[in-house]
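Each of the next two complexes has subunit A plus one other chain: subunit B in the first, subunit C in the second.
On to the complex of A and B.
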């Protein structure tokens, strides 16, 4: 035994064999993953298709018009969009209209992006270009750790803490909405007017730390200002004013709450990918722009951002894909009301949450079951497309960096 | 000589075998073992406490509950994976006939407690009472109980406070509570899509406690001091507040019975474990647990009648 293993020929053969085995395993793994993803799609499609041509005798007919268009339902005065799949047998019959669910899914994703994209991209640009290296070393992992926070926890906090709080402090919320951005800009203006010695004490790279007291001050100001403004403009009752003047109803579990919770959840994803894209831009580009007399803002806006645009775009796309597929946050923090209106202060019900609630109760093979799988198929296709698009664009970015690196 | 690894494995196998055989060898006499039950999550607390009491009476007898909802009990009974299925609603005709097709006899139904559904509002809401027609007009869009028009604002109920829209909170369609309100108070109509669907009754109560404009429904045992229970008004104008007396007599309109469904062939007596369990549930001790958990216990006559049907008192353990 020891004699044979020490022979160089045998050793080489052994190594070759191990190489070949490893290659085969990796290839098999890769093919397996692809096959599994395709199998999911095929399974969903096969389960969904019978819906359209062979509905059971006692099942209501399902077609494109009844899934997406307004319907006449017994007991209702006018055509409406309704997702009420589990009414008692017979009268008045289940109502299968996917429009409210699709709308709820997109609405939730849109509001979460409205909240997450400006914050995440702002943070990414600041930490990639202006932040001190040491602070960035602490903050970036901390922000990325936020991604590990389970959706259940975020949803729970949003539904049981944030929603009641905002409902009680609607005026404060509205005041913060305009006072915070304004105050931060004002802070920047004040900072640039500071004498040189004071500015050296508060370097740009550490703004993330020394802005914190300023933000607390702004919050306190908003807390003092909010009741005054509410009494002055809205007669002391903002919620009543919204209902009376704008004709909008305020539901405590509304689309904005979902947007905030889900925005919080997708922000780390967008931040991490965008930060990578921005800090991957070769440093000499920005340095060159600065040397030619560009301001820091011009260097960011005209040089670095265009160079990193595909990466930033794909970061937003991947964030959107996650927001569309997110289940737990919508399930817990929303009221799961299948409404079809554009009022952001009203509730919503997403496709993913519907699947989570209803699939365990739906009889396999029935219309309801197949419709839930159709919703799953739509979610699958959407996230698949969005992620593929994001990957394609990112590949282009990598090529562009290589080119920029070569030509320099 | 076996190599050490093999010897260790053998030892483990031996230990396992001894443990597996132990209950069979050591069992002196019934009832011992595990009683598997599948069904209602409303009754999960009840089943747990009954199981604890049973364990004190007969050490060695355990009750195990898989509480995923009333709808999960009939399939498990029909498949024969359980002999006892707790349900917070009566079995539907389809579920019963599936059981009969499999076994040739209907499942035995045992009423074990009463529960009521309460309508709750924020503790500062001045609402004095609601009629069935008003509940229907508030919660449904079909208004099959005969309301003229939907009631969507508190002003439509004739009160100044709170202002604005009535915020509606309830359970999702999977729940038996949802079904009970629809059957009993909405005349089997359909809920408005604006009703917030929560994952549990405690979440409904918490949401109502936070919002002065809210109304919601939940089981009697979920009420808390932070919400107010609204009395119901019958067509003659009498008010009914849910309390143990009105629920037990059935005066309060929105009541339901909590049941156990049992697979018991006709003419045969119950297996010892099931028998011990039902004996406990239908005893004063078992009914004290019912009261303790906020449900309503059964009158003595009902208990006695069911004990007689189940032959619990003669030739007993």
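On to the complex of A and C.
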């Protein structure tokens, strides 16, 4: 019926009908997609629950105490924490104790934060308040690209390049640790003694660039100094000294290596978020402080940082979430030994790495499988809670900025 | 002097910013330095691997001779240094490495007649070509032997290509037709093709090299065992550059050999790209749908805000958790059911009930869904409200407003989201280890056999290839060059993708910045 379909009333009805249908479809689809993404937590919880009430006949019983407390294992003299899902032939059944894995995860995350947080916050402070606008336009994307480096590449470099290097140059590493900050402060002091023209040629806003050669110089100095100091203090063999005097085992792939690699991987995340928080503080707050005679660092420390503290805090939280869940770096560079000790020079095994290695071999539905799913659930809950907390804090911070911006 | 003193006394302002400001500046410099170091290391080692460097011949104080390339140096416990040489010749020495104390080296030189052969078995050979014994004709020595070998290798290469072509274009399709049902014509053609390949194979036999290692041990090698022969010390810079380009091309276009530590990464590149393409096909429509719902359709209340925070947080959930979800739901759940319903004949060996291309793509799609949703939503939120109101005021329905005004304006944001998702997916390895990546996939997921794209097959992936070669190979030192090259390739791919996303986002900002001003 050509006349009818061209009648304006019918066409309008058709259009509106189509509109209503499309809206309904979009709604259904959108809710469906969001539900699918949210289903992860539900799936993990449903799969894990049977663990606690229906252990199979040949499966060891699992309860809170056996997962987290020290256990008496046949063949061991005293109660111990052990994660040994598969034992060689002839040994009694598997040993499931999540404590070493949880400890390994937290230890790795803690060391990486120890390295990443000062670096990231320092970088954020510098680029928010001191750096020239043009340089910042280049450097911020460069550091954000650093975030995109795949974990497997960072892990490979940490495990196969950094770990053997540090094992051979432990003295140099230790020297760098104190010489770098000292040298940088010294460089700053020298800079302020420079005549005005030289200082104008090396402005503070571009310090991030012209400090790089200075750092290389310090590195070279450390390379010259390290053998002398090692000979002087530690009898020429720092590694031997660590083992003999401190009584610590030195594993080539250890928690410190993990901390460095993962710190490097997590640092850009924290940097980007913290920088956003710091540079989002209304400019007139800092300007007021500067007008009253404060240096820029004082303005940052007393005015900008307190105003942006929640944002900085949430940046660190999100970094912690990433560090806890990072798999490949820990898998490659940690040695994957499930230990329960505080020695930072020993290996570790994290929950994420355990899941990656063991889950493909675990029989679906068995205790081992469900325990690994429990580990995944713990990771999920931890990161989800940490991120939610960070997000809530950031939302509050945004409101505060709006208020600060309006009240002037 | 006095003036300076007075000035300092009057204004108590500190001259500098104090130590902390410098430490802050240094932390950014240190990160840049480390990033530059990392990239430089990857670039030099990854690309340097293909450079046909000079081969050194050493004469030691005890009279032994060694030929090889120096790899690294390390201090000896009793003082002095020792150097690691890659001497190859696994069949003669049982090892391809040799540590030599530097003090023991009496003479070092680079004779032009040292040859480096790439062989099908036993890895490389380093030594001298003593003589070339062609199948027909007389024994040749010296430069004539080298030329005879080169000519023979060129013919061998052509025949190898001919065999591969025959197998791919004629033999395999025929075999498949025969599998489907008996077909006398196909059977005859198959026999014929087999005969032709046999003829080519036979033509490849014949010709023997007489080789001598630096230590003076002799070896006879059939010519078809040799893939390539080079004399690096006699090559000029142009020839070396050509060899380098050839090496890079082979790395990108060939399959792995010798337990993944030699040869190329083509199947891994193909697997990565295919998986990422499937993933973006899955993730983009759903991500955009969810974003449109959240931003345009849903009532903007407390619940929507909570959902938005939830979605944003899912981007921070560790990738391995998504892998666990993919294994539990897709592989064991969905895949198991599909197997029971459609592939009962082949049970208990699983078809879809094990990791594969489809499940890996879906898992990564789920993983990157939050990225796409967040990026698209940002784009949608950036579109000024008056654009929508204008469309509605002119009588458009909501659907028309969305498809004609809002979505075209948000296209760069969607693209950005998709590229970010692809960049994230290309670098993820942990979830793939659970849902379908393989160390060495015997069959590529795409071939001429119906249905052409085999979603249930396992595939190779650059990141996993890197992990596996670096960690599970028996000789890590020998695997390192390939690992570096793979890492460089992976980083390059991801950097390019990210730069595209950054560029697009910049473009988007400047465009909409202009819009909201006017």
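Going forward, the second predicted complex is superposed on the first by the 368 of 408 C-alpha atoms of A that agree within 3 Å, B and C clash if a C-alpha of one lies under 4 Å from a C-alpha of the other, contacts with A are read in each partner's own complex, and residues count from 1 in each chain.
Simple rule for what comes next: contacts are C-beta pairs under 8 Å (C-beta built on N, C-alpha and C of every residue); 3 or more make two chains touch, one makes a residue touch a chain.
Everything numeric in this text was worked out from a predicted model, so none of it was measured.
**Student:** Touch test for A:332: subunit B only (first), subunit C only (second), both, or neither?
**Tutor:** After superposition on chain A, A:332 lies in contact with both partners, subunit B and subunit C.
**Student:** Please work out whether A:239 is in contact with subunit B alone, subunit C alone, both, or neither, and reply first, second, both or neither.
**Tutor:** first
**Student:** Who touches more of subunit A, subunit B or subunit C?
**Tutor:** After superposition, C is the partner touching more of subunit A.
**Student:** Which partner does A:221 contact after superposing on A: first (subunit B), second (subunit C), both, neither?
**Tutor:** After superposing on A, A:221 lies clear of both subunit B and subunit C.
**Student:** Under the stated touch criterion, which partner chain does A:160 make contact with: subunit B (first), subunit C (second), both, or neither?
**Tutor:** Both partners, subunit B and subunit C.
**Student:** With the two complexes superposed on chain A, say which partner A:383 touches: subunit B (first), subunit C (second), both, or neither.
**Tutor:** second
**Student:** Looking at the overlay, does A:110 come into contact with subunit B only (first), subunit C only (second), both, or neither?
**Tutor:** A:110 contacts neither subunit B nor subunit C.
**Student:** Once the shared chain is lined up, is A:229 touching subunit B (first), subunit C (second), both, or neither of them?
**Tutor:** After superposition on chain A, A:229 lies in contact with neither partner.
**Student:** Using the touch definition from the top, say if A:309 reaches subunit B (first), subunit C (second), both or neither.
**Tutor:** Touch status of A:309: no partner.
**Student:** Please indicate which partner A:358 is in contact with in the superposed arrangement: first for subunit B, second for subunit C, both, or neither.
**Tutor:** Only subunit B is touched by A:358; subunit C is not.
**Student:** Subunit A residues touched by both subunit B and subunit C?
**Tutor:** After superposing on chain A, subunit A residues 159-160, 168, 331-332, 360 contact both subunit B and subunit C.
**Student:** What does subunit B use to touch subunit A in their complex?
**Tutor:** Per the stated touch rule, the residues are 68-69, 71, 141-142, 144, 163-165, 167, 169, 172-174, 179, 182-183, 188-191, 193-199, 203, 206-207, 210-211, 214.
**Student:** Give every residue of subunit A touching subunit B within the complex, in rising order.
**Tutor:** 75-76, 82-88, 91-92, 95, 100, 159-160, 163-164, 167-168, 237, 239-240, 243, 249-253, 331-332, 335-339, 346-347, 349, 357-358, 360-361
**Student:** Using the touch definition from the top, list the residues of subunit C that touch subunit A in their complex.
**Tutor:** Per the touch definition, subunit C meets subunit A at residues 13-35, 38, 41-42, 74, 286-287, 289-290, 292-294, 296-298, 307, 309-314, 316-325, 327-329, 332, 355, 366, 369-370, 397-400, 402, 423-424, 426-430, 433-434, 463-464, 466-467, 470-471, 476, 480, 483, 487, 490-491, 494-495, 498-499, 502.
**Student:** Considering the complex alone, what residue numbers of subunit A touch subunit C?
**Tutor:** So the residues of subunit A touching subunit C come out as 15-16, 18-19, 22-23, 26-27, 29-31, 33-34, 36-40, 43-44, 47, 118-123, 125-127, 130-131, 139, 141-146, 148-153, 155-157, 159-161, 168, 180-181, 184-185, 187-189, 191-192, 204, 207-209, 211-212, 214-216, 264, 267-268, 271, 293, 295-297, 301, 318, 321-322, 324-328, 331-332, 352, 355-356, 359-360, 364, 372-373, 376, 379-380, 383-384, 386-388, 391-392, 395.
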